[in-house]
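First chain A sits with chain B, and in the next complex the same chain sits with chain C.
Right, the complex of A and B next:
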């Protein structure tokens, strides 16, 4: 199984990195209204079915991959051959 | 169990770099520091614990997020649960927040720049074992050096912490180096025995270092650790 976890700064949380990216983009002539910078974690895991893989990754997010105070996460799981 | 010199465990993580300075400062102030390797399963008999500054595990993922799972941290958690005094400085503060032993989280500085300079912090409360040698409203000049020291809590959480008087140190007006909400520089847990701060008191204990103001915090901590009520069972 392969899982992709996208970790984002929660809405309303100041994201100085995103602000810096937005400023740089506007200097390059791309006046975007907003930019937020998150993180992607790709995982390869042993699991026989999608549901159990997802449950496992859910626990990983709660314990380590995201800090619930400031970050939200989304999980995608797919089977790989 | 009172010792002539309070024995303080200084936990060394891979990437810690202020552990020796912390040990030196504690020793200069009358403590008896002992290094504890992060992989150790238990703590030696100690009267207090310091989690020092540095970049444990390269600050990967989020500062402190990996160190919190070190075996030694399990022992620190148990030590704190028994009422033992735990002081986290800089990276140690980040670890305590990630471990859930202190509220909030430390984020990237609002400026996105590493800040290394003296700051002034104001003592908010002195009836704690970490500040009882200070007077309320004292201004202490202590250096900070961090890239991720912007303490964050939601408005509700900050209000609760203020109601419970858990904010022990705030950056003086206009001297917030990192964008911390509420100008928070140091927070204590609800039971009052775990304290974390971003400034480095161990770097301000001798006139040669530019300030002695960190010594009052460390000396308070040593006093507290030496008192039987706070010593580990």
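Right, the complex of A and C next:
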């Protein structure tokens, strides 16, 4: 089973990494109105059921992968043949 | 125009962040066979044409957003109404 977790700074929350990217792109001559930087975590799971895998990844996000105060996350789980 | 860039460590390249995530998840009681960590960069562009926006983001990746020696990247560009 493979899971993909995308963790993003919540809207309205300051994103210093995104601001650094925007500023650096401007200096390089790329006009960018906004930039936000998040993380993508790809996991190989040993779970065999889609629903239980998703529930497990949900707990991983709460406990380690995201900071729910300032970040939102999206989970996708897929079976690998 | 909105662009999403996903930057991942290339297969076979050591991913210390992914290893730290896998180890921490194991310690928390989550059996995970593998973990890879990448970045997702979301950009608001001022370009008005899809093709030129994509070419621009390609150059951004080469010059700033990714390290082509050790990272691969995927670009998605979409028009925002």
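Note that in this section the second predicted complex is superposed on the first by the 81 of 81 C-alpha atoms of A that agree within 3 Å, B and C clash if a C-alpha of one lies under 4 Å from a C-alpha of the other, contacts with A are read in each partner's own complex, and residues count from 1 in each chain.
Basically, a residue touches a chain if its C-beta (ideal position, glycine included) is under 8 Å from a C-beta of that chain, and two chains touch if they have at least 3 such contacts.
Since this is a predicted model, take the numbers as computed values, not measurements.
Asker: Considering only the touch criterion stated at the top, classify A:40 as touching first (chain B), second (chain C), both, or neither.
Answerer: In the superposition, A:40 contacts chain C only.
Asker: Once the structures are superposed on A, label A:16 by its partner contacts, choosing first (chain B), second (chain C), both or neither.
Answerer: The first partner, chain B, only.
Asker: Would you sort A:28 into first (chain B), second (chain C), both or neither based on which partner it touches?
Answerer: It touches chain C, and chain B stays clear.
Asker: Once the structures are superposed on A, label A:80 by its partner contacts, choosing first (chain B), second (chain C), both or neither.
Answerer: So A:80 meets neither chain B nor chain C here.
Asker: Give one of first, second, both or neither to describe whether A:65 is in contact with chain B, with chain C, with both, or with none.
Answerer: It touches chain B and chain C both.
Asker: Does chain A have more residues touched by chain B or by chain C?
Answerer: So, of the two partners, C touches more residues of chain A.
Asker: On chain A, which stretch or stretches are contacted by chain B in one complex as well as by chain C in the other?
Answerer: After superposing on chain A, chain A residues 64-65 contact both chain B and chain C.
Asker: Give every residue of chain A touching chain B within the complex, in rising order.
Answerer: Within the complex, chain A contacts chain B at residues 13-14, 16-17, 20, 64-65, 67, 69-70.
Asker: Give every residue of chain C touching chain A within the complex, in rising order.
Answerer: 6, 8, 18, 21, 24-25, 28, 30-46, 56, 59-60, 63-65
Asker: Sort out for me which residues of chain B touch chain A in the complex.
Answerer: Going by the criterion above, the answer is residues 61-62, 65-66, 69, 98, 104-105, 107-112, 152-154, 179.
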